[in-house]
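Shared chain: chain A. Partners: chain B in the first complex, chain C in the second.
On to the complex of A and B.
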């Protein structure tokens, strides 16, 4: 949900919360959007930090798995497939880019299944696109909150864009887990090294060594840019406020909470904990916004609009379906076609979210 | 948003069959969807059935739930033409056949190999290789059960390889060159691991991790780290290390066969045995045709693809 561009001032859905500045409502927003990072910390960190892993071992298909990891991992992968309920199930969205919604995913699926090169490149790209995409989800929510205050859609847009990159991607680039990200993405191309290809050696040996040696410079660059930029950001908004800009306290809290959690987990926790926290709240926010915007359409799609319990059952179907997909993609998938489908879904999620949430086109 | 909802009303048909009939069809769709979701949950998370009949029954229940859901859903849709029904059913059927084939393969890999015309033939895998004259050979499969199955497994069930289990399928011992030194024999062992690699990089990663786990032990030294090779026309990944304690050279050659990884472990003392190792590896052959027929029919025509 990277591109919630606020070209049209009032959001089309005039919910009771519109005047209050919330997207959906005070409680819903506080729990599922603004407070989602804190919720993720409160759930994930104690779950993995305070309890013994042996308590959560349970045999699935004859293999003992850590059910905490299975649950969180499935939830994270589940939100990826949720994008199709917006892009393909909503006919109005689908009609805006039919080529992107049909030919491109089919071509990518075939390409990833047929070529280990494309599979590897797509897998590596997905890891970094995920970081960028997650940064811009917070940016998108912030812009909607600004629109709720009837601010100009251009006011502070670039500032917000860079601030969200600093808050979300900054700790990844500057933190201890930067090399984990690098290694994880390059592992997708491991077959190149095994083939003794010069590109494989360059990617798998020379590049990580170079990045590791010079990571200090990267950290310094991020800090040298990030800290003055934060001051410049605050000063710019102070100036904007004097020119009539109305501060959205929801956006302020969203940035404070997201930034604090990002720095806290990437800086002070293990890679796995940080990855789970950041992706957990990202997925939770995504489920919240998709359900809010698509519930009526999805209730019709699931043929439940004639039933009094229709919305609840629709939500149940979606959650169950997405979780099953998440488990399949995270723990069950095998073979080139299955893996190709999982990678294609991830890439499509990151890509589609850049253009299926345009407020300017009254899409949200 | 109001405009959006109105457009959706126009485009998502829910009144192809109006009134009471439409409501009943919608209710039937919910029942079939619940059936499908439960069957899918059972299939993904439940215990793997121990017999083929139980597994195929599970797949049949899943496919029927899927088929009825698809049929009822498209029947009531204005957007999707009816031709989508056979297309989606075919996609589901192919996925079901693939799952059945994989399950069947977990039995097939455990079929003991046979010796015929101086070659060891694994009918279940669709693989054969030469046997050296005068060697000792043990073709009785031996499984190292995983922990969960040691506790809960059914000992009377047919022999099947479970997820993350390793089975030794063949062990060949070539007589030592010198009668004085029994330790100088060359040993070839074929193990199969049910490991489900996702793709080529994932397969290479597992071989590399295997290499790391072996050479992290004391007195182990890598001679050649994990690399791709091509043996007898097959894509393989291999590495070589030296065990200082046993004074033996180990060559680990791995092939991917569907969801299984085949590991040829060849170890010897004398460098002069190296040509024998190469000769053995070059004798590996696929015993059955590949292609779409093999893919659909499955293990009877060989698993390697």
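On to the complex of A and C.
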């Protein structure tokens, strides 16, 4: 292999606890990855159940907002921009897909800013892609845990893919908040209704009515597929184990915790509570993995590699600027360029995450 | 997971993208690093100031904020580029480009801030048209009406400053009233113009806000929605409007929303005669907005 190939290959970090099967370490993994969904429930549910929202009112651009929602919402939006610290700030990753990291986001930014149609479609796509992408984050962590056990990167891959969709997207499609997702995504194209477009009527009135009437079928389909698949999944892994596959208990716990929390919040809490819990732990896991994999590179980027406090200050900068972005994107953005940037960042986050953390290419 | 290939790669450090202080001037690198992080401190302070507390009202304070932000951006851009390993000519070109862009942005922001300070000025009549230079808007005043220049501001904030000349987010100004011969004080002004800062991120957010207002009005007792919200273009103007009818004393009211630069304008046209739609249309046709952004999606 030539030096050039070597440089183009991302260098996997060697964790001292790799042999233990953890990605980073027992405590770090237990808190920020495997236990993150429980942590999110423990933080978000009591926070919103504490007292009346009037105590937390704060005016933003003349509108009274609930500071709890603002905090969680900013944190969620903050993790979206974090992807650039992996995709663009890591030269090894950047070199793998330079076209995707330059031309595509620039084109999408311009297109969303110029066309309300593209802006609306991108906004609607982002809502559903978010659900899919969040499912696959858990899938990704599971695959890394499998790799830590030296299992083949393809063993059980399809099983994990579908299992994570069932656990994460299943409750969204089958649950009471499916219509909230539908309405939220169709609102992105509200201008079509105002301009008396027949497509607007189709999207704003006919489609939600149809989906609401037939949601029972969707719920039945998800359950009819999900329950037998769970049994098939367990049986398949039993067979794989007999063929030499080594079970990663970290992955098992990750799936149990994530699935339980997903069913619990989507099934038994309000849309807002469920949305905040699911996205909070997703963002927390993302901050954890990005900081773990990129800390040395980012310390150099922030020119702090020669200082003893360099890593701590770099982490502080990442948190501060990501939060500022999240707060701006969530509550302050004005104008189509700002809005286009926010939508483009969300779409790029969902898209890039599909190929910048490849276990098969040993990028993690 | 480690393979032979990745082990081989680990021996080769990832390509340095920054100037290493090992062989060069460590003091220079340290100074540039400190400069870069000082710039970030200034940027973070000015961003927090802007996002949490809003831009200041007083011009001197706004200029201070702008200088803080621009110096922070300029310092961090300059020091970061200067400490990179890019070829010297490219570093110089990028530094010049970044500083020019920051200076341009600063001047543009100051100009916009000054223009926004004209919004509460009273309009004037030129021939038969009402002209408001601060908003860049003008329209034809119907022949039987008299203009009462009576600027008032409604604010959700306590402790309003009476001497101020600009609007904060959430505040709304009414720029005038129109008096009829039978209503010399203009209490039931047939034309009103409300102005508030344009705070929308995109077209569908504007439409959603108007839809909410329409729903709120239509749900009131004695109010009927006679023409639901519609979005259309009239020349260079984007317009969203809807119409309601109030009973039992009939009054046809049309709410017309337009954009003029940093402001959202709402014309409220009222008539006791349901046949006055044509007059409303004529009035809307006469509205002109010059030298301002009029597209909602811009």
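Methods note: the second predicted complex is superposed on the first by the 345 of 364 C-alpha atoms of A that agree within 3 Å, B and C clash if a C-alpha of one lies under 4 Å from a C-alpha of the other, contacts with A are read in each partner's own complex, and residues count from 1 in each chain.
Rule of thumb we're sticking to: a residue touches a chain if its C-beta (ideal position, glycine included) is under 8 Å from a C-beta of that chain, and two chains touch if they have at least 3 such contacts.
A quick note: this is a predicted structure, and the numbers were derived from the prediction, not measured.
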With the two structures overlaid on chain A, would chain B and chain C clash, or do they fit side by side? clash
Check whether A:246 is in contact with chain B, with chain C, with both or with neither, and answer first, second, both or neither. neither
After superposition on the shared chain, which partner residues are touched by A:324: those of chain B (first), chain C (second), both, or neither? both
With the two complexes superposed on chain A, say which partner A:334 touches: chain B (first), chain C (second), both, or neither. both
For A:157, using the defined touch cut-off, is the partner it touches chain B, chain C, both, or neither? Pick first, second, both or neither. neither
Chain B versus chain C as contact partner of A:147, first or second or both or neither: second
Chain B and chain C footprints on chain A, overlapping residues: 11-12, 59, 61-63, 91-92, 116, 119-120, 123, 187-191, 193-196, 297, 300-304, 306-307, 313, 317, 320-321, 324, 327-328, 332-336, 338-339, 362
Along chain A, where are the residues that touch chain B in the complex? 11-13, 59-64, 90-92, 116, 119-120, 123, 187-191, 193-196, 293, 296-297, 300-307, 313, 317, 320-321, 324, 327-328, 332-336, 338-339, 362-363
Contacting residues of chain C [partner chain A, same complex]: 1-3, 5-6, 8-10, 12, 14-15, 17-18, 21, 26, 29-30, 32-33, 36-37, 40, 44, 47-48, 51, 79-80, 83, 156-157, 168-171, 197-204, 207-208, 210-211, 229-232, 240, 297-298
Give the list of chain B residues in touch with chain A in this complex. 1-5, 7-9, 11-12, 14, 22-23, 25-26, 29-30, 33, 37, 40-41, 44-45, 47-48, 73, 76, 79, 146-149, 152-153, 162-164, 196-205, 207-208, 226-228, 237, 258-259
Contact set on chain A toward chain C in their complex: 1, 3, 6-7, 9, 11-12, 14, 18, 59, 61-63, 91-92, 116, 119-120, 123, 147-148, 150, 153, 187-191, 193-196, 297, 300-304, 306-307, 313, 317, 320-321, 324, 327-328, 332-336, 338-339, 342, 359, 362
